[in-house]
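Multiple structures follow.
What follows is chain A paired twice: with chain B in the first complex and chain C in the second.
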Partner chain A sequence: MILSGLAQRLARLAILLLGVNALLFVALGLAGDPALMLAGEDPTPELLERIRAEYGLDLPVWQRYLVQLGRMAQLDFGVSIYTGQPALFMALEQLPGTLLMAVLSMGLTLVTAIPAGVWIGHRPEAASRRFGAALTAVAQGIPGFVMALVLIQLFVVRLGWLPSLGYAQPAAWILPSISLGFFLAPKLCRVVSAGVAEAMQEDYIRTARANGASMRFILWREALPAALPAAVALIGTQFAFLVSGVVLIETLFLWPGIGLLLLHSAQNLDFPVLQAICFVVALLVFAVNNLADALLRLIDPRLRPATQ
Partner chain B sequence: MRRDWTLARAALCSCVILALAGAGVAPRAYADETPLRVAVTLMPASFGDPFRTLGVPGDWVWRQIFDPLTESDDEGRIVPLLAESFENLGPNTWRFVLREGVRYANGRPFNAFSAKEVFDWLISDEGQATVVGWEMRRVSKVEAQDARTLIFTTWEPDPVLPNRLTSAMMVEPQAWRELGRQGFSRTPVGTGSYLLTDWQNRNGAVVLTANPYAWRPPGVSRVEMYPLRDHASRLQAALSGQLDIIMSLRPEQLDIFRARGFRVHADILRQILAFAFDVTGHPDSPIADVRVRQAFNHAIDRKAISEDILQGFAPPASQGSAPNVFGHNPRLRPYPHDPDKARELLAEAGYPQGFSTEVQVITGTYPNDLEIFAKLQQDLAAVGIDMAFRRVLFSDWIRQYFQGAWRTELFTLAWNTAPHNDALRPMEQYSCLKARPFFCDETLRAGLVAAGREMDTRRREALLHELALEYRRRAPSLLLLEYGHMWVVAPGLSGFRVRTRAPELYRVERVE
Partner chain C sequence: MSASPSLLRIRGLCVDFPRGGRVLHEVSMDAAEGEIVGLVGESGAGKTLAALAILGLIPQPGRIAGGKVFIRDRELTKLGEQTLRPLRGRLAGFVFQDPLKSLNPVRRIGSALVESAMRHSGLSRRQARERAMEALRSVELANPESAMRAYPHQFSGGQRQRIMIALALINRPPLLIADEPTTALDASVQSRVLELLKRRAKRHTLLMITHDLALAARFCDRLYVMHGGRVVEHGPARELFSNPRHEYTRSLLDSLPGRRTTAPMRSKRRKSREALAAVRGLTVRYRGAAQAAVEDVDFAVHANETVCLVGESGSGKTTIARALAGVIRVDPEQLRFPSLNDDLPGAAVRARHLQMVFQDPYSSLNPRWPVERIVGEPIRTHRLCGRTEQKARVAALLGRVGLDPKQMDRRPAAFSGGQRQRIALARALAMNPRLLLADEALSALDIRTQARILALLRDIREERRLALLLITHDLALAAEVGDRVIVLRRGRIVEQGPASKVMNAPRHEYTRELLAAQARWRPENPGREGVRMYTPRL
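And then the complex of A and B:
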C-alpha cells in the first residue's frame, strides 16, 4: 500500500515536471530567438548560425524538445547563456535565501494568525472581535510590497533602527518577514477564526463546557484542532507561494533569492536558467503540497485510507 | 562547481600572497576597513567577462577590476590609460607605448606581450563573436615590438581606433586561457585597483577588495556594489545611510540629499534621448514623410521638459551627440517648439487632421520617464498626433532591435556615443550601414564611409558637422534631451569622479 502510494506520487511528480517543461518550452519558444540576444549588434548570418549550433537552437522543434527532456532527466539544464555557469547550480545557489525568507515569514504568520484566529473565533459576535475581523479583512487587501515600502520608510529611513539590504545580519530579516507575514496572516486568521467559531457551536464543546473544562482548554485542545485541516491546507498553499520566489519583496530588500534570479533571467531571456528555476520550484511546490497532505492525514483521521 | 570556484579563488589568493612575498611588494595598509557602499541599478549579466557587452552596466564593475589602454578625460577627449602615449604612424598603423611597472592582480606583469595576447584573442574568430571583439574588426594584426610597444595594423584606415580601445579591457591572458572564458568570468583578473572577492554576498552585493599590485592603489580597501534596480529601494537605502554612493536618483530629490551634505555628480558623457522612426519597416505610414518627422520635432516643448520635469539636468538636444562629443556641430540649435509650424508641415504632408501612432518604450531607464511621456503625449496631441505609449521589456525590445523588425512606428532608442565619444557611431546606427536598418537614406552613405576613414582630424570633424546637419534635415528620430546619469556622494568622501560613464572608485577617500 505504501509503495503504491509512493509510486502514485512519483507518477504525479513526473506528470507535473513534464507539464511544466512543456509549457515552458512553448512559452520560451514564443519569447524569441536567444541567438539574437547572444550575437550582439548586427550579427552576421554565420555568427548566428554558429551560436544556434552551439546551443542546439538549429535543431527541429521536436528534436530540441526531446533533447531538452533527456537532459532534464539527467538534471542537466545546460549553462546560463550569459555567465556560462551551470543553470541548475545557479538556481540552487539562490535557494537558501528563498527558503530562509519562506520559513521566517511563515513562522511569523503562524504565531500571529493562529492566536488571533482563535481569539476572534471564540466570540465572533463581540464588538472587539468584529473590529478584529474587520481589521484582518482590510489587512488582507494590502499587498506585501506596499507594506514593505511603508515599513522601510518608517523603520529604516525615519527611525534608522533596521537595515533593508540583504540578509547577512539577522536584523535584516525582520522587515521582509513582517511584510510577507502581514500579507499572509489575515487569510489564515480568517480561516482559523471561521473554523473555531463553527466548532464552538458543536455539541462536544457544549458538553466540555458543561463538564467544567476551562475556556483555554476548550479553545486550544478542542476547537482549534477542528479548524486545523482547513488551516493546514491553506498553510501548504502559502508556503508553496513563498518558495516559488517572492519577486517584489526580494527586489525591494535586495534579498538574494530565486525571485531575483527569475526576474533577471526572464529579462535577459536566459532560457537554461529559467528552466532550472522552474524545475526547482516545481519540485519544491510538489514537496510542500505532499507534506501538507501528509500532515492533513495525520490530524484528520477521516482522510486516512480505510485500511489504516 | 562551487568548489571549483572556491578553489580557483583560493588559488588566486595564494598566488597573490606568494607573488607578493617573492616580489617584496608591500601592499598599502588600510586603517579603516569600512566598505564603500555603492548602489547601481544593474549588474553585468556576464559577470566578469568584459567582452560580452559594451558600456554600462558592465563598466560600473569592470572598470574597477580592469583597465583599457585608453579612456575619455573630463572633456571627453581620448587619452592614454594603460598606454602612456599613442600615435598614428600611417593610415593603417598605430603605435601604443605602454605604461611601465604595471602588474595584474595575480602578480604577473602587464606588458606589450600580454596585451598582444588579449588583442589576438579579440580579433580571432571566437573573439569576433563578442561585442567588444566586433569593435576590433578593422584590426588585422597586433605586434609587440618590445615589452612596452604595441603596433596595431588595420585592414582599412580607422581614425577612432584609440576610441575603440576604451572598451577593450586588459584581462590577464594566462588566467583567461587556464580558467576558460566561463571560469574567468567568475574569478576575473585585471590590472584595476580592485580585485573581485564575491559576486554576491548574503546582502546581494558584489564585493571588491584592494588589488595589492594596483598601479593606482585605491583609497578605500573594500567596496560593496549593490544592484538596486528599484528606485524606491535606492532612495530609501540612501536616506537611511546604508549607502555612500548612489546613482540614478530623481532630480527633484537631489535637494534632499544636498541638504544632508551629499554632493551631486553628473556624467559628462551624455547620450541623446530619442524615439527612432522605423521608416524601413513602415514605408506606407505617415512617418515615411520627412515633413511628418519634422512636425514631431517641432511639436515638442523640450525646454519645459528639461526645466520643469528634470530640473535642468538634461538640456534639450539639437542633434545626435552632446557638446563634448567629437563631431558635435555647435552651430545647430534644438528644434524650436512651434506647434503652428508642426501643423503646417502635417498639412503639407497630407495629414491636416493629424493621425494616430504608437511608440514602444522601456520604462525605468531614466528618471521621471513617465512624466516625460505624458508631456510628449500632450504636446503631440496639441498638433493632432495621437501617440500611444506601449511598454515593453528590454528583452523584447532588444529582440526587435537585433531582428530589425519593429511592431510600432516609433521606438525608444538613444543616440549613444559612449564609450567612443565620437558622433559617427550612432549615425551609423541610423543608416543603411546597419545590418537591418530602420532608417536608410542612401544619400548619407558616402559621407558616413568617408568620415569613418578620414584620418585627418580637422577634415573628419568637418565631415561629421556636415553629417549632423544632414541628419537634422532628415529627422530620423524625435530628438528629446541630452542625458547622463547622476551620482550622489555621501559627506565624508572625497575624490569621486566619473569617467567613461563609470565611477572611478579607486580615487575615493574617507575624510574627517
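And then the complex of A and C:
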C-alpha cells in the first residue's frame, strides 16, 4: 500500500519533470540563438558555426531534445555558457539564500495571517472584524512588487532605518521577507477566517461551550484545527506561485538567490543554467506539495485510510 | 416528588430574540433529585432553547428577558459569563441530538475528555486520564483504551452517543440534559442508549427533551408539554398520557401511529395481480466494498397497493430505491417493469411511470425556483403541454395536495417542512406516475404533519390506483400503512408478507428484535378503547 503510493508519487514526479523540460525546451527555442549572444559584436559566420558545433546547436531539433533529455536523466545540465561553471552547481549554490527568505517570509505569514484570521473569523459580523476583512481584501489586491517598492521608498529612502541590499546583515532580511509575505498572507488570512467562521457554527462548538470551555480554548483548540486543512491545502497549491514572487523580490532587493540567477540567465539566454534552475524549482514545488499532502493527512484524521 | 429535594427550578423564564420577538413565554419547570423529567413538543416549540437557557447557552443574539433559573438553590440567571462558564459541565452536562456533528471531527476522543476533566476538577493529566477511562467504562463502551486514541468518525452512531454521554458526565454533574439523544439512531441502538441513560439516571437527574410522546411517556416520571414557546401542560407521565387535559396534548396523542384517526392506507379494493415493478435476484455491490449492499432480493409491487421496505440504516433500503430509480445501473433481468410499456428504453419507462419523493424537503427542492417552476419542471422537460396549460396543471396539482395555487410564485423558503413535502409530492404527480417511491419521505416531519401527509398519500393512491413503495426505518409506520411489509437486514430480505402477519406473528428472529426494540419504550396500551400499538385495523 505504502510502496505503491510511493511508486505513484515517483511516477508523477517523472511526468512533471518531463513536462517542465519539454516546455522549457520549446520556450528557449523561441527565445533566440545563444550563439549570437556569445559571439559578441559583428560575428563572422565561421565563428557562429564553431560556437554552434561546440554547444551542439547545429544538430536537428529532435536530436537536440533527446541529447539534453539524456543528460538531464544523469543530472548533467552542462556548463554555463557564461561562467563555464557546472549549471546545476550554480543553481544549488544560490538555493540557501532563497530558502532563507522563503522560510522567513513563511514564518512571518503564519504568525500574522493565522491570528488575524482567527480574530476576524470569530465574530465576522462585528464592525471591527468587517473592517479587518476588508483590509485583507485590499491587501490581496496589491501586487507584491508594488508593496516592496513602497516599503523600500519608506524605510530605506525616506527614513533610512533599514538597508535594502544583500543579506550580509540580518536587518536587511526584514523588508524582503515582509514583501514576499504579501504574496500569501492575505489569502491565508481569508481562508483561515472563513474556516473559523464556519466551524463556529458547528454543533461541536456548542458541545464545547456546554462543557465550560473558554472562548480562547474554543477558538484555538476547537475551531482553528477544523480550519487548518484548508489553510495547508492553500499553502501547498500557492507555493508554485510564490516562486514567481521570489524572482520579483530578489530582483528588487538584489538578494543573491535563485530568482536573481534565473533573471540573469534568462537575459543572457544561458540555457544550461535555466534548465538546472527549473529542475531544482520543480523538485522543490513537488516536495512542498507532497509535504502539504502528508501534513493534511496528519491534521485531518478523516483523510487517513481506514485501519480498522 | 415532594419527598426528594428540588434540584432544578425554573420560574417564569422568558427569552427574546431581537428580530423574532419573544420565543419563550413564562416557562416554569421543576426537577427533583434523581427524577427523570421529559420535555415534549414539536420542533420549534422551544424545548431546546429552554434547556440551553439553564446554563446561559442561548445562541446569539438571543437573551434572557425575564425569569429565574436555580440549580440546588443557586440562582444562575444573575451570574455573569465568567462565573457561569466554570459551572457548565459541572452543574449540568449536555447530550445533543446528532453525536457525529456534536463531536469535533479533528480531535481525539481522549483529548476532548481529558481536557474537559482537567478544566473543571483541577486534576493532573494522569488523573484526568483515569477519570476519562472510568467515564468511558461507565457508558459501557468496549475497549476504552483504544477509544481514547480514536476519532469520532471511527465509531458507530450508538458508540458516538455513548461517548457524548461520557463527555457530559465526566465532571459528575447532578443534572444531565439529553436533547433528542436517540432521534438520529436506529431502533435497536436507540433502545440500548435509552437503557444506558436510565441506568445513569439513578445517580443523576435527567432532563429528557424529545418530540416522541410515546417514548417520553414510557421513559419519564413527569412530563412538560411545550407548544409555541409555552408550557401548556405538565404532570406525571402516565396520567398525562391517559388523561390529557390540554387540547394540544390530545392532538399530539391522536397523531401517534396506531392511534391516528386517519384510516390505514391499505386498499379495500382487490389488487391487480400484474406487477408494476418486478425485482428478481437484485444484487448490488459498490466498488471496493467487501460485502454486497443488496444481495439476491426478490419482490414485486402491484398497482393499488402499498409496500413498505423496512430496515435499519445500512440495510440496503436506499440502494434498492436507487436501483429502481435508475440512479445505479443493474442487470435489466434483475429489475423489470412488466405492465409498463416495455418497448420504451428503461430510462424512459422510469421517467414516465416512476417518481420519487425524498426524505429531506429542504434540500430536495431548488431554493431559487418558484413553486410553479419546480412543479412544472417535469411537464416542461417531457413537453407534455404548452405554457398556459402548464400553469393550469400546476395549479390543479397544488390544489390536489392541499396547497393554495395562488402561492405558486413563492419560493420553497416561504413554506414549512410539511408544505414542502406537499410540493415535492405535486412535482412527483406531475408526470402522472404509476409507481410512487417515497424514501423516508415522512421521517423529517413532526408527528401531526406526518399524519396529514399520510392521509393525503392514501387518498391520492386510491384515486389514481398508484403503486406506492414506502421506504422507512419505522416499523410502527409500516404496520399502520402497508399492505405488505418487507424487512431487510444487511442487504438481504429476512421476511416479507402481509403487514398484519409480519407484525403480529413475525417468523424471523430479527423482526422480533426490531419489534421489541421499538416497543420497549412505548406504551403497549396507551389506554384508549384497547387500541394496541401493532394491531392493524382493516
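Everything below uses one rule, namely that the second predicted complex is superposed on the first by the 296 of 308 C-alpha atoms of A that agree within 3 Å, B and C clash if a C-alpha of one lies under 4 Å from a C-alpha of the other, contacts with A are read in each partner's own complex, and residues count from 1 in each chain.
Here, contacts are C-beta pairs under 8 Å (C-beta built on N, C-alpha and C of every residue); 3 or more make two chains touch, one makes a residue touch a chain.
Predicted model, so just to flag it, every value in this text is computed and none were measured.
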Chain B versus chain C as contact partner of A:G212, first or second or both or neither: second
Contacts of A:P225 with chain B and chain C, given as first, second, both or neither: second
Partner chain in contact with A:R302 - chain B first, chain C second, else both or neither: second
Chain touching more of chain A, residue-wise (chain B, chain C): B
First (chain B), second (chain C), both or neither touched by A:L59: neither
Chain B versus chain C as contact partner of A:V79, first or second or both or neither: first
Which of chain B and chain C A:L16 touches, first, second, both or neither: neither
Touching partner for A:A168 - first (chain B), second (chain C), both, neither: first
Touching partner for A:E202 - first (chain B), second (chain C), both, neither: second
Chain B and chain C contact sites that coincide on chain A, given as residue numbers: none
Parts of chain A lying in touch with chain B, wherever the complex brings them together: 31-33, 36-37, 39-44, 47, 50-51, 79, 82-86, 89, 93, 97, 149, 152-153, 156-157, 160, 163-168, 172, 251-256, 260, 264, 266-270
Residue ranges of chain C touching chain A (in the complex, touch as defined): 55, 57, 59, 85-90, 93-94, 96, 98, 101-107, 115-116, 119-120, 151, 153-154, 164, 167-168, 171
Of all residues in chain A, those that touch chain C in their complex: 202-204, 206-214, 217, 221-222, 225-226, 228-229, 299-302, 306, 308
Residue ranges of chain B touching chain A (in the complex, touch as defined): 1-2, 45-47, 49, 52-53, 128-131, 134, 181-182, 185-186, 200-205, 226-230, 232-233, 236-237, 239-242, 393-396, 398-399, 402-403, 434-436
